[in-house]
Amino acid sequence: MESILSNFSSPVVLAFVLGIASKFVKSDLEFPRPLYQSISIYLLLAIGLKGGVELSKTTFSVFLLPATATLALGIITPLTAFVIIRYIRKLDMSNSAGLAAHYGSVSMVTFLVAISFMEDKGMQPEGYMPTLLALLEIPGIIVALMIPIAVSKNVASLGKALHEVVTGSSIFLLIGGVIIGYIAGPEKFGPVSPFFVSGFQGALFLFLLELGMTTASRFRDLKKVGAFIIFFGVFVPILHAVLAIYFGYWAGLSTAGITVLATMTSSASYIAAPAAVRIALPKASPSIYLTASLGITFPFNITLGIPLYYYLTVLITG
Amino acid sequence: MELVELQNVTIISERFLKDDIIDIIKKNSAKGYTLTDVSGEGSRGIRASEWEGKNVKIETVVSSSSADRIIQAISDHYFENYAVIAYTQTVNVVRGDKYI
Amino acid sequence: MELVELQNVTIISERFLKDDIIDIIKKNSAKGYTLTDVSGEGSRGIRASEWEGKNVKIETVVSSSSADRIIQAISDHYFENYAVIAYTQTVNVVRGDKYI
Amino acid sequence: MELVELQNVTIISERFLKDDIIDIIKKNSAKGYTLTDVSGEGSRGIRASEWEGKNVKIETVVSSSSADRIIQAISDHYFENYAVIAYTQTVNVVRGDKYI
Amino acid sequence: MESILSNFSSPVVLAFVLGIASKFVKSDLEFPRPLYQSISIYLLLAIGLKGGVELSKTTFSVFLLPATATLALGIITPLTAFVIIRYIRKLDMSNSAGLAAHYGSVSMVTFLVAISFMEDKGMQPEGYMPTLLALLEIPGIIVALMIPIAVSKNVASLGKALHEVVTGSSIFLLIGGVIIGYIAGPEKFGPVSPFFVSGFQGALFLFLLELGMTTASRFRDLKKVGAFIIFFGVFVPILHAVLAIYFGYWAGLSTAGITVLATMTSSASYIAAPAAVRIALPKASPSIYLTASLGITFPFNITLGIPLYYYLTVLITG
Amino acid sequence: MESILSNFSSPVVLAFVLGIASKFVKSDLEFPRPLYQSISIYLLLAIGLKGGVELSKTTFSVFLLPATATLALGIITPLTAFVIIRYIRKLDMSNSAGLAAHYGSVSMVTFLVAISFMEDKGMQPEGYMPTLLALLEIPGIIVALMIPIAVSKNVASLGKALHEVVTGSSIFLLIGGVIIGYIAGPEKFGPVSPFFVSGFQGALFLFLLELGMTTASRFRDLKKVGAFIIFFGVFVPILHAVLAIYFGYWAGLSTAGITVLATMTSSASYIAAPAAVRIALPKASPSIYLTASLGITFPFNITLGIPLYYYLTVLITG
């Protein structure tokens, strides 16, 4: 409970609130798109590099179980999401698969907020978490896009969509950073690190300001999408988080590591997935999947979700 | 200064269709094209591209026969599912023969 | 490919008038519009918007009757005090009925 | 609302020609112009400006006589060596007398 | 005197000069607008956050007198400016009120240059100065826009203008930053601070480079606006500074605090005010108010004004 | 040899490779142009400022010989490049002079990679190297543009081109930075330095990512320009480097200093020169000179060239 309150007094969360506020008071504040792009390039590379450097210190065996758990989650979560939306809500195939792709993938920023939440508590998640993030981003989208085919419904230019998924800028920079960090190693990374390490939290602060603004402009669609989607956007993340907590526990992650894994599993993509879904499932409505992932799940996770998942982790694993 | 009467085909669409549309244009013997970043609102209202920030405006100066073929191809491929608007204008082009 | 003849209304103005002009356009039954960041110089020379960096170009494809009403409204509201230029062009639009 | 029929001269060129072209336009009694950052591809394919990133689109609404002179000057100066396209369109301008 | 010279060898002032130079040699140097926007977002948040954190350590009572003094200055200065321009220069109502709005408000950058000027001298102004900056930005503009109404001259869409004033991005980010800094407090702010603190002077350096370029492009209008406006742009700031020195002294501010208060009172807005005036008083000519505030007062203040105000402060208070 | 390998594991070089890779996998990664512009402004100012501060500690006499050597190289190298391309390859006058201008000038980034290469080895080049960079950037271009005139072939708007050369943003910021750094000196520069020093390597990292992307889009022209240009783009740099090593040795530079001088002499401009050549020699084909300087010489230098020049320096001077 108090960890929820303390989470609300964290600058990055407050920046997100400020971004939302700017839309409600109709401020003329505009966040330059190139700044937004620059910060995402920066954050993705920073995560990747840091992760890669850590990985270069990790023995493969240690990394094996967590990786397996993560991949498993990447295959299961889109299916659970799909089943719920398709057979409970009875949404059409395109929209159901589209949503599944979003909840099968991840949100980088949610991942980062989870990490600084743990660091605030003085706990360090495993150094290879960014690599797990990379592992979790892709499979979910692919699995989800396969569903319509599996049930023999043709998908517009799937090949193009898959290419988009695996070469999308976010995954490309993340993996690229991991590889560079891995090759360079701690010493070589030294001179570059001040830029990528000390500026990190500040960049995240600005990024959440922008996301607050984008999220706010999503709120107007909440009515349009209806109550079930709102429920879906809160319930499914919790479900996936619980799933991830068990998997992470099985894989032998630390409490911090499990909480972060739970958070990233529960998070919904709003960059990689939308791009791929727009190409492969043009009939799926962006106002449904973007409102769910960006308008509901994202704000829920960074405010209430993360403290909740931490609480559940302690409950289940402790 | 002899000006040649040609068609300026304008296509405004979601950003991610850019490359495909350019292919279509080139296939229909356009000698060039010009891209402008734009934003906008239309009948389909909010869309993914809104998140990606912008639409793209593609203009190409071509003969009216190419114009017809381009228009035809665009409307066959994209009008059903995607956010697109396309129109043509008559323009008088310097050294117009270069673009036929 | 049946093209429908419509009017493309172009309004270039100081950036801060953007939202008001969009309201006017919508009130006059435009189905959509496209925005482009532009810069420029005109009779009024330097102006606040120069400091804010840019003007905005607003284009909307509408029926000629809407076009008249939009043009009328724009010139009533803004021509006296603000930096604005507005003109119309005839365009041939794909699935043009969609925009009437 | 009386609209005046004028010419909208559009010139798309490599960025570094911008200032020279604006001079030409002003010399030929244009009352203003609008600039848009664009990119594009043409017969000359890759060029320095590609490295500099963008072309520039220069539009000016003028009388048809000025239009002719501008077009003439542009094609004399630039067509041989530089990446340029130029065309004119008829537009109906609000308070058009202001731009003659 | 030597403090003027030393001020001229400060990097930020030199950056400003470099920016002016770039226009005079007709360099093709262009300062990307998104960078300009990004830096202002950064600076405003940085000031606000720092100020908010400081505020969280300040007892309200200490803050009361300075706040009162500042608000009073916010109401008086637009009137003095208005009277001078309207009744001495006999400029028409719109232009007079327009100018008054600019000189009633503040220039963030001038404020920052004043602060680093004091820090160069090894003096720290009170931590809550940014809050005073926020208090001083708005009232002056509102008072000035009221004048035409008071004398029953209708003002174009005043409501819209007022909304613009109070929700304008600069004031929104400044106050937003103060609130976040206040809630977060020193500890929580820790991780974010490297980004906002250590990068600060460098960002200011780039910002002044850009302002130098903009200022230079204003110079060509100096002839157009005439001698009185030039005189006005130098005299009124000094007048307002002297006023502020007495107010600050009365409020019990430190020498550094008084100098900074004097500088911000003397400064003229070129962001919040122009936007509001353009909306409320479209007949007021931007070449008059922008040339005065940006072409005359701003360069005067950051080069000669600040050392002068410091000198006067010592003279009057010492 | 192993210094080549170690060079390949340096983050900045890896960033360059990543940029190239992004084009080969057709990633949708886009590097916002304003970010590119911002980083070049940052890097040029940073080099200049640092160089100027160093210069303020240097006695003129020490600086005299290296400066002379550099100027000499600036006049000789465009001529050698011209002779080779014009009389061996028999390329037309415009294209030959165009290429000469590029190889007579310098590439800032190559210079920077050389410096961090030396720092990796624990060696510090002389502090006034940036000043030499400035000295070397201009003359080569001017000399090259003079050639066509010398042989009485009219040059399109030479005046405009020369103005472009000496006021071009890159040279303007570099020299401006040097002057500011020189005037401000170490103490005054203190507050600004964190921004310009600690962020430097990271900014360079991002910049090389972008250059990798641009370089890759040049590769498609390799066939077009033919084998000789490729040979030219590798051979001439080595030739110029060897020349520079002797000059630098004569001027009494340190091993690190000589290596850096050799690298910058061998490098080919792809910013100042293209702009000037486009104006003065419109008939020269950008695909030739940009492909040579950016598609061949630049990648060669930062990967193999720099270690080679270091090796040769040790060989010749040791």
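A few comments on the model shown:
Just so it is clear, A, B, C, D, E and F label the chains in written order, and each chain counts residues from 1 on its own.
Please note the rule applied: contacts are C-beta pairs under 8 Å (C-beta built on N, C-alpha and C of every residue); 3 or more make two chains touch, one makes a residue touch a chain.
Everything quoted here is computed from the prediction, not taken from an experiment.
Each step here moves to a touching chain, and the least such steps from chain B to chain D number 1. Any chain that touches chain C and also touches chain E would be listed here, but there is none. The minimum number of touch steps separating chain C from chain D is 1. When the interfaces A-B and A-F are ranked by C-beta pairs in contact, the top one is A-F.
Seen from the C-alpha centroid of chain F, the farthest chain centroid is that of C. Using CA-based centroids throughout, the chain positioned farthest away from chain A is D. Once the centre of each chain is set as its mean CA position, chain A and chain E turn out to be 41 Å apart. For the pair chain D and chain F, the distance between mean C-alpha positions equals 36 Å. Mean C-alpha position of chain B lies 47 Å from that of chain E. Along chain F, residues 32-34, 198-199, 275 each make contact with two or more other chains. Residue numbers of chain B whose C-beta contacts span two or more other chains: 36-37, 89. Counting only pairs that meet the touch rule, the chains in contact are A-B, A-E, A-F, B-C, B-D, C-D, C-E, D-F, E-F. Note for the complex: chain B touches chain C at residues 10, 12, 36-43, 55, 57, 68, 71-72, 74-75, 79, 85-89. Within the complex, the chain E residues that touch chain A are 32-34, 37-38, 41-42, 45, 49, 163-164, 167-169, 172-173, 176, 179-180, 183-185, 188-189, 191-192, 194-196, 198-199, 275.
Taken in their complex, chain D has these residues touching chain C: 1, 3, 6, 8, 31-37, 61, 89-96, 98-99.
Chain contact summary for the complex, chain E toward chain F: residues 9-12, 14-15, 18, 21-22, 25-35, 116, 119-120, 198-203, 205-206, 209. Residue ranges on chain A touching chain B, taken from their complex, read 33, 156, 214, 221, 270, 274-275, 277-279, 282-283, 286-287, 290, 294.
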